[in-house]
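These notes open a run of structures that come right after.
One chain, chain A, appears in both complexes that follow, with chain B as partner in the first and chain C in the second.
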Partner chain A sequence: MEIDREDGRRPNQLRPLACSRNILHRPHGSASWSQGDTKVLAAVYGPKPGTRKNENPEKACFEVIWKPKSGQIGKAEKEYEMILKKTIQSICVLTVNPNTTTSVIIQVVHDDGSLLPCAINAACAALVDAGIPMKHLAVAICCCLADSGYVVLDPNKLEEKKMTAFAYLVFPNTTLSVLPEVEGEPVEHGIITSVTHGVMSVDDYFLCVENGRAATASLSAFFRKNFQQTQGAV
Partner chain B sequence: MNAQVAVSPTSLIDQIVVPGDVVLDLSNMTNQTIKLGSGLRQESDAISAMRAGKFSYSKPNKYWVESSHKRYIPRTEDHVLGIVVDYKADNFWVDIKGPQLALLPGLAFEGATRRSIPKFEACTLLYLRVVKTNIGMNPELSGTDASGKASVFGPLKDGFMFETSTGLSRMLLSSPTCPVLEALGKKLSFEIATGLNGRVWVNAAAPRSVIIVANAIMNSETLSATQQRIMVEKLLAKISD
Partner chain C sequence: MALVDSSQDLSAEMEVDAFRRLFPLRFFERHLSESLRPDGRPLGKARDTIVNLGLVSSADGSALAKIGSTTMIAAIRMEVMTPSLDSPDEGCIAVEFHMPPICSPTVRPGRPADEAPVISKRLSDIISSCDMIDLKELCLVSGKAAWMGYLDIYCLDADGALFDAALLSAVAAFSNLQIPVVALNDNGRIVAINGGQEENASIREKEAVNKEKRKLTLKNIPFSLTCILHKKYILADPTAEEESIMDTLVTVVLDSSDQIVSFNKSGGNALAGSSAIKSCVELAKKRGKELKEILGEMDID
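The block that comes next holds the complex of A and B.
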């Protein structure tokens, strides 16, 4: 029994992706990422000398500022900032530029569902544009659970409201490697961040994770192709 | 869902890589000494990329990831354009667009003694050489070359300074002479100082020459050699009317 989605997509199909880098003049790195109608702009400044108080001076420090499309900054925005900061700290190499601060500013242009994953993807693209050293990229996806137990990827706002539960999942990207096939778990099978809303059973959660992970291959391929096109032009 | 089996590429040299790509497998290269340049990181037996860019190799044993950004990572023996920020205790603090402010000892100039340290005010533009870079420490600069002579280093007076990306600075400094500079040099006479940190200083007798040179350089970043020459010719033709 297939679920009928309003815009005719299959359950595992993502919305059209678009990414442009180096779009803003002043920041040292910038990117805009859109998934369907959800669009987020990210800007990176840094690394700048000095760390914030209470931060370890032997590591690079990151600060995230989240600017909503309208309205005052409230608790939801602070939560997004914290999640983004922790995700960025785990993908960046912190020992290369100790005692520096890098600021990441996220500006929501339009929210049509799956906002936090879109922001994480935009922030990652902006960090790449700024040349911040990273261990690998992060690809983020939203998986939600419908009443009937079906997992649907990349919902828009209406679908998100109708679902019983959804999870924002962030995985490392699929990488090219000159190493021969390795035994055991490759790096892509790790998970960086998981934020869940609503009630779901453990089995349903693992089903979401599996479906989300399968989609990372297409997101990584999109990012790589996008980067190669802009580099090829130079 | 179709599972796609990716075939491991045998070599990623001259390919575009993104952070996380494993570019070298050290277990195959046990008896060699290799030099890792910018953008590469070692994890036990695998070398992976930290930045996105083109993975390059130069004989005999140098590997690096080439990329162009608005900020600069200090490297020793680079020539950079710095702007003086402060002067404390016989040392100048200079901004070179890097993660840290750089230190320029007051005595690092030809013929400088304790009593005759040059007096540079804040916002003075200096052409300097990077002497020391260590992780976690401020990079050190010098106003002399390795033998202690001033040669080309020191303050730059008059002229116009503008910022570019590090990739464009490298292109301007490449040999043979970069096409845009060659084309401009045929018709105009000007002085230019390029810093590897993404700053370029231009000076000429007439302000309009300075502006033409600056605009031509800023436009030439994404153009190929022939496109650069065509762009410069169009620019010069417009002006001479």
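The block that comes next holds the complex of A and C.
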């Protein structure tokens, strides 16, 4: 049994991805990332000397500035900033540039669902473009739980509103090399970030995690292909 | 590695307090390897929890929640408002979480803490998504008047697991909430009725919209537990010191039927594999039962 989606996609099918890097002149690194109609622009400035108050000067520090498409920044955007900051801190090597601050600026161009995962992917691409030392990439995906118990990936805004629950999940990218397993699971199966909305059973959550994990393989492949292309061009 | 080795050698001859400050991670790991935490708790045990109801006399419902030394005071004030056109027979709840400078040395006066808006956003998400309150119950006159509940939570002492304590105090305040008596006057406006006054008695009989003070029915009560993931250890209900040293926090919110309302993890060094997720959910289930008992004792009094 398959459920039909408004735009004719299969449940596990992502919207068309597009990523271009080094599109802005002033920042040290920049990228635009779009999934279907959702488009986000990310710019990275830094590492700049000094850290803010309350931050550990022995480590590299990050700040995230979220710019909505229009209007003032509200509580939701503050939450996004915090999630994005913590996610970036967990994938970057913080000991290489101690006592520096790197600013990541996210500009929403258009929001058609899965905004936060899109922003995380964009930030990742921009950090790579800026040459910030990273442990691995983060690959983000939105999983939606339909009433009938199906998991739908990468929903657009309309689907996001209709669904009972959804989860934003961030995984490490799949690697081509062999990594040691943690408790019988490959490293890339661990969750970096998880944000959920709505009520779901524990089994449904695991279903989301499983489906999201499967989709990150294709996202990782897209990242890899994209980075290789630009390398070849230079 | 030289640093770790030297700390191992020093640990034998150094004072405990000095060792704790100089090598905090090492200090904690030595405890964890013995399945114990510096405050004497086993890894999966939460701190002592106290809930007190009705502390703020000017509010319609209030509660004080203490988890260890993390202290939250929550108060709800009800006001009459005109409901929006989209939902004419529903009331509304506005949640605000405050972190005044008194709560922690990291909060400076004049500068709001970064966590505060994030916690209030998460609280309002959870209260609305888990159907704890039927917003239709807050309706007075369809399309004309409904209750607006202002829930304010003040953090008096921030010693870790802020979200857990905030949610607990919010739930307790809602269980303490008494909706005041109001009536429609001749102009079609809602006025408050003070219980003892004689002249109001006639109005109350005729036009009181709700006859007596009533309580909200809480259908589905969410309980949350924050855990730290560090290597293979899972620590329930961390203190502020533990949170600052080991940075991978997972917050699980379960409702009465053990469904996940929120599974929140943002970043951190450790990755959450399936087994870690399962253990966190199990710990949250156990904690939910504990908290239910604590709240249940309150209701009898």
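We adopt the following convention: the second predicted complex is superposed on the first by the 227 of 234 C-alpha atoms of A that agree within 3 Å, B and C clash if a C-alpha of one lies under 4 Å from a C-alpha of the other, contacts with A are read in each partner's own complex, and residues count from 1 in each chain.
The definition used in the following text is that a contact is a pair of C-beta atoms (placed from the backbone, for glycine too) under 8 Å apart; a residue touches a chain by one contact, two chains touch by 3 or more.
As the structure is a prediction and not an experimental result, all values here were calculated from the model.
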| item | value |
| --- | --- |
| Superposed partners chain B and chain C on chain A - clash or fit | fit |
| Chain B versus chain C as contact partner of A:Lys48, first or second or both or neither | first |
| Touched partner set for A:Pro133, first chain B, second chain C, both or neither | first |
| First (chain B), second (chain C), both or neither touched by A:Gly113 | neither |
| Partner chain(s) touched by A:Val93 [first = chain B, second = chain C, both, neither] | first |
| Contacts of A:Pro172 with chain B and chain C, given as first, second, both or neither | both |
| First (chain B), second (chain C), both or neither touched by A:Gly212 | neither |
| Partner chain in contact with A:Gly36 - chain B first, chain C second, else both or neither | neither |
| Touched partner set for A:Gln228, first chain B, second chain C, both or neither | first |
| Shortest span in Å between Cα atoms of chain B and of chain C, once chain A is used as the common reference | 11 |
| Intersection of chain A interface sets (partners chain B, chain C) | 172, 187 |
| Chain B-touching residues of chain A, taken from the complex the two chains share | 12, 28-29, 46-49, 58, 93, 95-100, 128-131, 133-137, 172-181, 187, 214, 217, 223-224, 227-228, 231-234 |
| In the complex with chain A, residue positions of chain B that touch it | 1, 4, 6, 8-12, 15-25, 39, 41, 46, 48, 50-54, 67-71, 73, 99-101, 135-136, 167, 221-222 |
| Residues of chain C that touch chain A when the two form their complex | 106, 108, 114-115, 117-118, 120-122, 125, 129-131, 232, 255, 258-275, 277, 281 |
| Sites on chain A touched by chain C in the complex | 53-54, 75-76, 78-79, 82-83, 85-90, 165, 167, 172, 182-183, 185, 187, 189-202, 204-206, 209 |
